[in-house]
Structure formats: C-alpha cells, structure tokens
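Here is the structure we will look at, set down as structure tokens.
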Amino acid sequence: MITIDKISKQFGQLNALDDVSAQCDSGECIALIGPNGSGKTTLIKSILGMVVPDSGTILFNNKSIAHDCSYRANIGYMPQIGRYPDNMTIGQVIDMMKDIRRSHTQIRDEELLEQFDLKSILGKRMSTLSGGTRQKVSAALAFLFNGDVLILDEPTAGLDPVASEILKEKIIKQKQAGKLILITSHILSELDDMVTQIIYMQDGKLRFHKQIEALRTETGEIKLSRAIASVMLQN
Amino acid sequence: MRLISLLHLFSIVLFSITGAPLIAATYQVSKLSPASSIQQAINISANGDTIIVASGVYYEKNLIINKSVTLIGVGYPIVDGEGKYEVVSIKSNFVKLDGFKVQHSGYATLQDPAGIKIYDAHNVTICNNVLDDTFFGIYAQYAKNCVIKNNRLTSYGKEEQQIGNGIHCWKSDSMQIIGNTVSGHRDGIYFEFVTNSIIWRNISTKNIRYGLHFMFSHNDSYITNIFSKNGAGVAVMFTHGVRMFNNTFEENWGDAAYGLLLKEISDSYIDGNHFKKNTSGIFMEGASRITVKRNTFENNGWAIKIQASCMDVTVTQNNFFGNTFDVATNGSLVLNTFNGNYWDKYDGYDLNRDKIGDIPYHPISMYAMIIEKNPPAMILYRSIMVALLDKTEKILPTLTPENLKDEKPLMKPLRL
Amino acid sequence: MNKVIKYVFIDIVRNRIVLAYTILLSIISFSVFSLEDTSAKGLLSLLNLILFIVPLVSIIFSTIYIYNSSEFIELLVSQPLMRKNIWLSLFSGLSISLTLAFLIGAGVPIMIYQPNATGCIMVVMGCLLSLIFVAIAMMSAVSTRDKAKGIGAAIFLWLYFAVIFDGLVLFLLFQFEDYPLEKPMMVISALNPIDLSRIIVLLRLDVSALMGYTGAVFKGFFGTQSGFVVSLLVLILWVAAPLAWSVYKFDKKDL
C-alpha cells in the first residue's frame, strides 16, 4: 500500500530522516515508536506530503506521491494538535471537509460523530471548545471519509478514558476492515491490543520494523512496553 | 429725426461762418439720419459739442476722436472693428465716451490695436462702455487726469502672446480706474510708469496672466478690488509707495500663481486685504519697509513666502486660517518681524489671560524649509514621514530659523 | 478552491478585530468629513489616515491570522488539495474580508460625501492597498516559522513602506539636489505602493498646485489616461509579485 524507499530529510544540522525504507500493507496496524525527536512525525508528514524529502521516494499504491495531491483522498489524518479557525463552528468545519472531499465518491462514516456526541454541539465555535473536544473533532474528521489509510498522531492524548476507549475500538474495527493504520503514541500500554507491527525509530534512523509476535518471542515479554524497553536496553 | 439733423447741419454751417461756437451743439447719429456714421458727426462737430449715437451697428473702420467732444451712446450702439482696425482712437483732451459697445478690434500684435485707445491726452473720460473681443481693451499712453469707469471688458484669449491687456496704462499720471470688470485678457489691469493714480472697486477675473500687473508705478493706491482666478494672481514690481487696501485676492491656483507677488517693492502698505485659496498668498522678493497689517490669510498653500532678500517687513495683526504652510523662507537670516498675529496652528497657552500666548509661535514648519531648499521634496507632501519631521522639529528646533517667530501670538482671531 | 475561501471568509468576517477595524474606519471617515468645512478637504485629511491605517491593519492582521492558522493549514495540506490553491484561498479570504471592511468603513462615507471620480479613485486605492499588504503579509508569514519573528518582519515592512522609504527618498533628494530628480522620482515612487497611491490621489485634488514643478511633471504623467493605467498596473504588480513569491515558497515549505 505504502512503500517508503530510502528517504532522507535534513533540517539544518539535524538529520530528521536518514535513509528510511519501509513497506506498509493494508490490514496492518503499525505503531511508530521512538524517543522524542526520532523522526516519527517527520515520517508521517512525509507520507502526507507536508514535508518533502531531500531524497528517496514514497509510493502510494505503487504511484509516487511527489507533486500529487489526489492520493490524499484515501487518507484520513488526525493531527497531534487540532486547531481550527476560531470563528468557525464544528458544523462548518465538518461541512468544509465534506465540501473539499465532495468529488471523491466515498461512503461517509459518521459513527464517531455520533459516539462522541458531536452532533448536538455542531453550532459551537471552535474557540470555545476544550482541547479534548477538539481532539474528538479531529478524530471524527479522520474517520469521516472512510479512507483506506488512517494516520493518527498521538490519537488518545487529551482524550478522556471513555472517548479514548471509543476511539480504540474504532481503530480495531477499521483494522479488521482491512485498512492500513499508522499510529504514533507515547503510551505504549494502549497499543497492546491494536497493533500488528512495530516500527522503531531513533535519531532519524529506522532501527527495526517487526511483527509484534516476532518482537514478543525475541524479547520474551508479553507487554509491548516491556518488550520495547528491553530492545532499548540492548541498543 | 431727419428734420432735427438738418437743423444741426444748419447750425454747423452757421457756426463755421461765425467762427468759434458760442454755445455747444448736439448732434444725433443714427442709421436713418444723414450723419449715419459717427466719424462724419465728429468731423463736422467742434470742441465742446455732444454727439448722441442711437443704437445700431457702426462700421467706422478706425474711429478717430480728435476734438474735445462728448459721445453718448443710447441703447449701446455697437462700434465694430471687423477684426481689422483699432476701434476708437482718442487723440484730443476733454473727450468723453459713454455708453458704447466696442467690439472685434484688430489683432495685429505689433501696433497693439485696442478697443479704445487714448493717445497723449488729458481729462478723458471713458465710462459705461462694454468692450467685447478686443485685443487690448482700453489703452492709455501719455495720458493724464483720465477717468476709466464702470466699463465691462471681456475677451477670449487662450494664450499669453495672442491677447493684450484689459486696461493698459503706460507713462500716465493721475488716472482713476474705477468700477470696471475685466476678464479674458492677458493682464486685467496693467500699469507701467503710471504715477499718483487710483484703482478702485474693479473686478478682474479669469485673465490669462495677472489680474493686476504693476511696474515702475509709484505712489498709486488700489483699494477694494477683487482679483480672482487669474493665471498668476497680482504682480507688483519695482515700485515704491504703493497702498493696497481692502482688496480680495482669491483662487489664484496654479504652478506659479500668487495672490500677490511683490518684487523690489519698498515703503508700501498692505492693509485689510483678504487672501483666500491662493497657491501663495503673498510672495515677497527684495521687499523692504512694507507693513502687512489686518489682512486675512485663509486656505492658501503658503500664506506668506518671504525670501531672505526682504527686510523691515512688518507682519502684524493678521489672521491665518487653514493655510497649508503659514510662512516659508529660503534663508536663515531674518530681518522682518511677525508679532501679534493670530495663527490657527498655534497650540500654546495663555496663563495670565491677556489674550496673548505665553510662548512664541514659529510659523515656519520644517517641511516648508525643506521644500524651499529642495522643491522636489514636495513629492513627500502629506506622508507620515513629513508629519513626524514637523513634530520633532517642534520639540527640538534645528533647521528652522530661530528668530522667525511671533513673540505675541494672539489666542483669538481678530475681527477683520 | 472556492470551497475553502468560503469558510475562511466566514471565519474572518466574524472576527472581532475586523469588525473593530470597520467601525474604526467608519468613525474616522464620518468625523473627518463632518469636521472639515469642505468635503474636498475632508478627503485630503482622510487620505492621510487611510494611508496610515489600511496598510498597518492589513499587514498585521493577515500575518497573525496566518500564524494562528498554522495547524489548520497543516490539516488542509493533508487533504486532497493543491498547496497553491490552499494558499490562494487564504489570500482570497483575507483580502475579500479586509477589502469589504474598507469598503463599508471608508468607501461608504467617501461615496456619500465625495461621489465623484476622485472619491472613486481613493476607494480603489484603499482596496488595492488592502490587497497589497495582505500579499506582503503572506510573504513575511511564509518566510519564517517563528511567529514573533514573522510579526516583527511584518511591522518592519509596514514601517519601511510608511516611513523609512520616504526618509530614504528625502536623503536621496538632498544627496543629488543638483540634478533634475523629477523623472527618477517617478520611478522611485513606483517602488512604494503607499507613495504611489498617495501621489495619484493628491494629483487629483486642487492641492496639486502646491506641488510646483515636481507636481507638474508628475501630473504630466499620472494625470493622463495611459499614466493612470500604468500606475494601476504597477499597483496590481505589487499584489501579484509578493503573492506569487509567497505561493512559490509555500509550495516548497516543510510544515
């Protein structure tokens, strides 16, 4: 589905991505893990076209994403911080997204809108919302268009436990529906039930990309957090 | 009519036999009478006679009045120069020309043809005439004690070189120019080497160059005239002893337009005049011993431009309202005084309530100084930069001449 | 593309600052016209205020808006939209709403008190200045990620066009005072949209007689039909050039 081939990116002196290659297939739920500044966000942004790599190519369904924007119709993205124009209402933000994507014939998935109870507060302005509510809006928007790929950047940060649980269930459901899901998260315990693969990054390099089962057998740990910790100790 | 004319003819014959007339005769000229031309009547008349001209159009070529006669037009008879001739030439003393319409004079530039021209004569009166489309209007040379009164002069000049002056006096003395209206000429009223004369209650508008042009004409007065919308306003040059009272100088807008241009003037008075909407209200160059008093300067570009070559000019008891620049000068030497005026831009205070501001007013802004030194800087007019410069200069004067100031600025405008 | 414009426009129109800007312009315009004894003089005083306020508000507001929308812009970029279109939509949204604010705040009073060609030209100049300074704001906002730096740059740019440039002109005038500078000045005035629009409006008012020989030379050019068209084109170039540059930069920018 997504093929990342030897991409590198420098920000000034910093090597944000250093010769990263990976293959992500549908039906997988891949966790991007690594310390702060390891290049996770840059990798996600590269896939979304927000950052243009200095070298290397990214293929989406075997087509290069360079100078293209139409492939993003297949991606639902939930940013780490969701901020929207202050004077727009939730309803207007959703309408705008629908307008933008109108030309793409997809079945809309409004399940999260309902589960997060957003439909009752469509008239509220974005500037009056709490951080958590804005995250809910971001999540709902990411899933709204039923994209083949979901990219979630720290999805549960700022969400209350109930909402967090709703979101996790939604992610699992989508995985089972055969979608490719990319998640970055600091809270490894949350990922246990969901992820099928781990990409571990450090200093802009991709250290390993493994099936979670393989990782567990290698380290002998059941818990993902423990398994990762033991890998980090080995390095 | 015919009978009366015959009678007059008879009396002419009679008088010519007996010699000098004992009583003045009166002649009628009309299209129906045997004397159907004015010239004919003049030819047969004697000094002191009166010729009454009925309405109609008279093609006299060049009408020459060489006897001391009185010509009276009834119903504005038209004397037409057909665009070729000088229309009326007065070559005798004691001539009176009253109530004619003089039109279409010749346009040759060398001879300076006029509607009415006085040649070397005294005690001539030209009154209540209408002049239309003349090259020069009323032209007086070597004239003395003449009255030019209540005439209306209109011409349609487009360029300076292709039109003469309205009322033109040259080398004359004791002239009275009263109540005339002049427009469309080169200069409305022109004085050169004219002394001891008065210009009173005239209106001179829309002339191509100056409303009033005044040179080498000493000891004259001009009072209660209106000069408006002339190409370059009024110029008074190379003269001493001029009195300018109660005149209005207005709307002389243009690249080089002045309400009043003074050049090499001395010992003169400018009193009670109104300067309104002129590019420069008064422009003074080489002026000395001038008193500028009780005038109102309103909405001019520059109220007074005073060059460093002026000295002993006293500007006092004037009102300054809404002028873009109150005073401008081109040097730092100031030998003139500006005390006791009202300036609308003055923002000082009066603690002792004597109606005189406690701190002096500096009527020259920094920007006015800059423009005087560097005219293209006018391109920055009304920019924020200029506003800032003027504000800083007010706080810390550096460029503007320190001694050009009003020590006793008035808090309230004078009633003028 | 117009899908985004619509929502950006809705957002900005509801912004309190834009509302305050409209009211401010309106109060200033009406009070200037009623204080001055003739409406032509009112127009002249208003010209100064417009040349001061419109560029300032346009550039500062737009810069801050772009920075505050950075996450929103990121979200838009992750959608199937061309970056160029996103940026042009933001420009359109900002310039439509600021121009509208100007038209309501200053355009309406001008048209009430001076419904003539000069009034119209002044309104056109105000609108063009709004567009120009939105474009310049977008240029400064795209150049740096740091909000403080970007707003600083915007303020500096405003200061440059409003004051510093004229200071440099004055300096040049005195450095080369022995040379005829009228013609070069025409070219130099084209380098500053505030100066250019100020001169175009001033030349139409009767104060232009004050401007002496310089004014006459300027009038000889700007006063003609073709001169006016050329100066309008120059102002439009002042919108297009910074905008094109900012689009180019945004297209390559890493978010």
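Letters A, B and C name the chains as they come in the text, with residue numbers starting at 1 for each one.
Criterion: a residue touches a chain if its C-beta (ideal position, glycine included) is under 8 Å from a C-beta of that chain, and two chains touch if they have at least 3 such contacts.
What you see is a predicted model; the values in this text were computed from it and never measured.
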| query | Quick one: which chains contact chain B and chain C both? | reply | none
| request: Grab the C-alpha centre of each chain and report whichever is closest to the global C-alpha centre. | output: C
| said: Taking the mean of the CA coordinates per chain, how far is chain B from chain C in Å? | reply: 48
| field | Geometric centre distance via CA averages, chain C-chain A, whole Å | value | 42
| message | Could you work out how far the Cα centre of chain A sits from that of chain B, in whole Å? | response | 90
| task | Could you pull out which chain B residues touch chain C in their complex? | result | 253-255, 257, 279, 301-302, 322, 324, 370, 373-388
| note | Given the complex, residues on chain C that touch chain B span 41, 44, 47-48, 51-52, 162-163, 166-167, 169-170, 173-174, 177, 181-182, 185, 189, 194-195, 198-199, 202, 206-207, 209-216, 218
| request: Quick one: which bits of chain C touch chain A in the complex? Just the residue numbers, please. | output: 3-4, 6-8, 10-12, 14-15, 68-72, 74-83, 252, 254-255
| task | Would you mind writing out the residues of chain A in touch with chain C in their complex? | result | 9, 11, 45, 48-52, 69-73, 75, 77, 79, 81-88, 92-93, 95-97, 99-102, 104, 141, 151
